[in-house]
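We call the chains A, B, C and D, going by the order they appear; numbering starts again at 1 in every chain.
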Amino acid sequence: MGTPLNVALVGTGFMGKTHALAWRNLRAVMGGAREIQLELLCDMPLAQAQATQAQFGFARATEDWQAAVADPNVDVVSITTPNHLHKEMALAAIHAGKHVWCEKPMALTLAEAQEMSKAAATQGVQTMVGYNYIHNPAFTHAQQLIKDGIIGRIVHFRGWVDEDYQADPNLAWTWRAKLADAGLGTLGDLGCHLVSMAYGLCGPVESLIADMQTVHETRPLADGTGAATVENEDTATALVRFASGVQGSLSTSRSAWGRKNRLAWEVHGTKGMLCFDQERMNELQLYVNEGPKRTQGFKTILTGPEHGPYGQFCPAPGHQLGFNDLKIIEAARFVDAIQTGTDAHPNFADALGFEKVIHAMAASARANGSRVTL
Amino acid sequence: MGTPLNVALVGTGFMGKTHALAWRNLRAVMGGAREIQLELLCDMPLAQAQATQAQFGFARATEDWQAAVADPNVDVVSITTPNHLHKEMALAAIHAGKHVWCEKPMALTLAEAQEMSKAAATQGVQTMVGYNYIHNPAFTHAQQLIKDGIIGRIVHFRGWVDEDYQADPNLAWTWRAKLADAGLGTLGDLGCHLVSMAYGLCGPVESLIADMQTVHETRPLADGTGAATVENEDTATALVRFASGVQGSLSTSRSAWGRKNRLAWEVHGTKGMLCFDQERMNELQLYVNEGPKRTQGFKTILTGPEHGPYGQFCPAPGHQLGFNDLKIIEAARFVDAIQTGTDAHPNFADALGFEKVIHAMAASARANGSRVTL
Amino acid sequence: MGTPLNVALVGTGFMGKTHALAWRNLRAVMGGAREIQLELLCDMPLAQAQATQAQFGFARATEDWQAAVADPNVDVVSITTPNHLHKEMALAAIHAGKHVWCEKPMALTLAEAQEMSKAAATQGVQTMVGYNYIHNPAFTHAQQLIKDGIIGRIVHFRGWVDEDYQADPNLAWTWRAKLADAGLGTLGDLGCHLVSMAYGLCGPVESLIADMQTVHETRPLADGTGAATVENEDTATALVRFASGVQGSLSTSRSAWGRKNRLAWEVHGTKGMLCFDQERMNELQLYVNEGPKRTQGFKTILTGPEHGPYGQFCPAPGHQLGFNDLKIIEAARFVDAIQTGTDAHPNFADALGFEKVIHAMAASARANGSRVTL
Amino acid sequence: MGTPLNVALVGTGFMGKTHALAWRNLRAVMGGAREIQLELLCDMPLAQAQATQAQFGFARATEDWQAAVADPNVDVVSITTPNHLHKEMALAAIHAGKHVWCEKPMALTLAEAQEMSKAAATQGVQTMVGYNYIHNPAFTHAQQLIKDGIIGRIVHFRGWVDEDYQADPNLAWTWRAKLADAGLGTLGDLGCHLVSMAYGLCGPVESLIADMQTVHETRPLADGTGAATVENEDTATALVRFASGVQGSLSTSRSAWGRKNRLAWEVHGTKGMLCFDQERMNELQLYVNEGPKRTQGFKTILTGPEHGPYGQFCPAPGHQLGFNDLKIIEAARFVDAIQTGTDAHPNFADALGFEKVIHAMAASARANGSRVTL
């Protein structure tokens, strides 16, 4: 790999665009970072790849992903295709010696994720999985406050991640409802994000008991010919025990009317509490048992330059980062790891750990709530 | 029983005062209701009973609770003593033919609660248990909205009830920490309130799996001679399945820093969602999937005269009821039942149902999270 | 005056009921206070007075207010009739040597209010005007925090008081719209409450410039025969200079859709800020520039036993007081003043000061915003 | 001007970086737009210009602004230097036939702004002034709702814009405190943003009365040799009358502890109300008097793809835009205007109108609050 760092992007949907913007802005926002070359954009058909190449400012376009991930002039591959394609693409890129930034979840099954993680370790490439929410300066700040002992010893955790994109009973059936194509339902789409945050705050989960439900058991076919079965879960909840002794719960629903991106949690400590909600992603709630009782209360901290890389985006507090900015921070951390040779986080091994938890939730729920140890 | 309705109050602590104020205000607030005579106040020692008699405006005072609950000039007995005394007092009052308004939880064990419920049924007296939060006009309004189908079919429920009165590790050990005196911990103090609300919104629980933890395993003795063991739970959470098919979760902590009375829940329906938090007890959050998407959002409804008996307290919306006002509504409903001969709710049988749930949570948690069917 | 303190209540509407409840609960809530005898209730016609007498628990009823306010067995008179009756009733009561608790505004004109204030001073009776919001423990706490220097020197104040009872253009014309019957519009109904809070936080206003508007210039007559003119203001705003050097603004509207009791303010100091909103009357917002910047933020303080007389209502924080509870505190302070012979606040002289401000706002607005000095 | 559109950026501070990022992302985010060439970056000294050129990805660097704004290979100039330099640079660029995107306020005095506006009109170039907040999809949505009559006829407006960057009395004196260098104080920094929003919601201001204050009359010199006078205002407030008949108020403070970017407003209509706060820039509050009273309340609308160009950034609602994203929308609108030959907004003429209002506020305040007509 030379200088600059040459990037190939596979996929140009929701997350594909965020990767393109992240690569495009990384150095402009973060400064000192190595130059990034937007080398190769891969999508199908070629005409679309070419159109997006021009829009996103890539140097070349292709519809051949196999060529793309093995292109000799590429150092890093961003994989943002539908989940069931991640494995094959990531393995090919890894075997071609590329660093891989892959969207979450890594794969449809744990076995696939394990294979990916093992390949990366064997080949010695850097990997990063798109758990973007943990790169929020508000989250990093929460971690720092915990590390500094501000809320004492952590004793309890509660987390939720809800959206409403599958709340409407009249929505047509899609591949999202099919186990073979989508794998898990809300656990795979949303739940693993929550696990990534719980891990960052409380460490690994040791065991859990869980329940889940399919709220809308069938959905109408788009062509009006009837209805098809929804094979995966709309909601899931687990009671977890972390290795640290902390207890808590994880809940997710893709059928929660009114929730657009409610990835929220509260961390209970022996001296205070921290709360967060992604729908107000620039705020952190902090309660500390200090000073006179009469002036105690939850504090709303607005993120600003005091908080991690916020200042690279804006020198004034309270002006707010957006969702796409989180991807820039994520990319910056990945590039730092590549530059310095230290491990990126969350890499494939970390993400495998997160995804074990959602699969354990599904396994426990299918076994009538029996305890599953990780 | 004649006219007016003659009341005896046993106990004058936190809840005793709320009963006294409720009896005192019932007719003044609600109008048409039968006259209430504050007949007899019972506390120990007699001097305190007499002082409180004067303050609360009762006609007579006694330190003999057995005499009080059987006093021929008494129609109704309010029992607000520590939990371990409820059973004996309630049974005595019931056997004397009195109507009984008893604070929650009914008793330390289910067996005791069952005995109380059976006695009331046998004797044919009216009973009421102090689940005051379900008398909030905001709650009644939520029930009505659900009944009217505003949020569609109910599919999921989440509830929490947290306070921080046992959050400080340095608090001295008290009877609250002892199974024999307090029975359950946070489940008995707080959890059963949440169950009463879940029941009112989603009906009875069918089965559950649960976990609980004692956050502070020992507490210092007040006399400085060492520490004693905390025998009951600081937190508890269950994944519940309601008989209706609704799934959900119930969580409680008495060690949640910053939470003062966070009895909160969200009800997910196929057309919308309802949310509530007792710390903002005059507000109800409602999201409905209707009208153009661009103007959908959670609505904050401030309670007012449109909502149940609020208008008896105040003809102007948004002026707010307080905690003590809920007890007046509760008392009014109890007196209505006595007057009309219809059953009061939640009576001993209803409350027994609530308390079965918290005991099932403890049982499941003690059995490593095994499913308990109610 | 003997023991107990004998009360007459004139008027039984919105505020009349709050006075009745306050008198009824005062001793039961506050303890040690002198016994209150609900002696005489006055309303018209007699049948209604008698019905309300029974409901509120008064000893006697009358429809003769002149007899009531001069009744030899009465020590204190509560005046809660429509505003244009306050003056005559208060003067009669004062001249009969009674202490007077009068609802706000004192009178339709400043001249009337001045006459009332002068009479009270001359006769040496205690007076109290119903500015109930300043008796909120959250407000008293804010005052204490300011006094303790927690937010430094006060430099700026902003206040708003909005409701929507006159927001609907289709509401029928009533006496509220007529200068001769109602006097000022939103300034008299709502604005003077805001002034009472501004005074309690920043002291007296020295001068102001103001503007006001009649949003709905006519209203339909209830009988469908046409429309009549609205003679007083729907909104009013002033830029004020306090004697202390603080600057600020006062705004009010009775036509603000969605606002039910939004009596809100913010006090800017050199070290921090305090904010309040009556629609969340059990919360106080506090920001202080202390500790590391990274953990600064607005704190939401929930009122509890740490805050003034809250603990008399409830020993647990966050359980919330309601609107009617504020009247109990107000009554308690009035009775304390009567008992101890110290001045009650806000008495007629204080309230005259508040009402001068709203009349000055109207005067400035009528003079195209010219500065009016108080 | 050829294809692509060639951009020169003068200044690389807070706003300079936002312009660079906006230019850099415009086409990648918005799609179809014309290609943007980051041609020339100008800062001093040259070494810094070169470093930033590399970071931001510009083709060339210079320290000669006069050469930059007249460079034959440049079509558009972004001016983001300190305010007192805007006029000279803008005039030079205009006279060289360049389109100009200039940060706000346009100039230190109205005379300068007028000269700039006139020059642009004479030369027929497109201009845009950096009133970024009005490009927020939440704001555009509010405008649309008003246009659609959702809240009826607009009758009242209140706006505030507060920060705390000058709240600390111990902050050292800087050029910001000097009239000759900074011009107005909080009015120039913050107040004009509020005016831009008020204009977008209620149209032009016709007349006003105002007051202002310098909270901290002196500030310590950085070198410890004493203190210097603060010559401009820390707070300012006006009571405004819009040409439409709407009344309202505009308030600003740069010394409001705890406020980081509180650019907030409420628009009162005859059928409802709209509220907004930039500190929660992805939310809009809407109250409409429709449907049963019992379910009326303020709705929190989270912005999403339903709202203007949000969908270009993210296809999922509630994921949130950030401050820097607003600049991309602003740039896109400017380029659209250049492409289509229609006027950009707010251009120099529009911005002159905004700035007249803040100067009128200062003029009124200096004249003891006399009415100033615009």
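Operating definition for what follows: contacts are C-beta pairs under 8 Å (C-beta built on N, C-alpha and C of every residue); 3 or more make two chains touch, one makes a residue touch a chain.
Predicted, not measured: the structure shown is a model, and the values here were computed from it.
Shared contact partners of chain A and chain B comprise C, D. Shared contacts of chain A and chain D, meaning chains that touch the two of them, come down to B, C.
Centre-to-centre spacing of chain C and chain D amounts to 41 Å, using the average Cα coordinate of each chain. A straight line joining the Cα centres of chain B and chain C is 34 Å long. Averaging C-alpha coordinates per chain places the centre of chain A 53 Å away from that of chain C. Touching of two or more other chains is recorded for residues 259, 296-298, 302, 304 of chain A.
For chain C in complex with chain B, the residues that touch the partner chain are 14, 17-18, 20-21, 24-25, 27-29, 31, 35, 54-57, 163, 165, 259-262, 279-281, 302, 304, 313-325. Residues 141, 145, 150, 284, 286, 292-302, 304, 306-307 of chain C are the ones that touch chain A when the two sit in their complex.
Chain A makes touch with chain B in their complex at residues 151-152, 155-156, 158, 160, 167-169, 209-213, 215-216, 235, 237-239, 241, 247-249, 251, 253, 255-259, 268-273, 287-289, 296-298, 368-369, 371.
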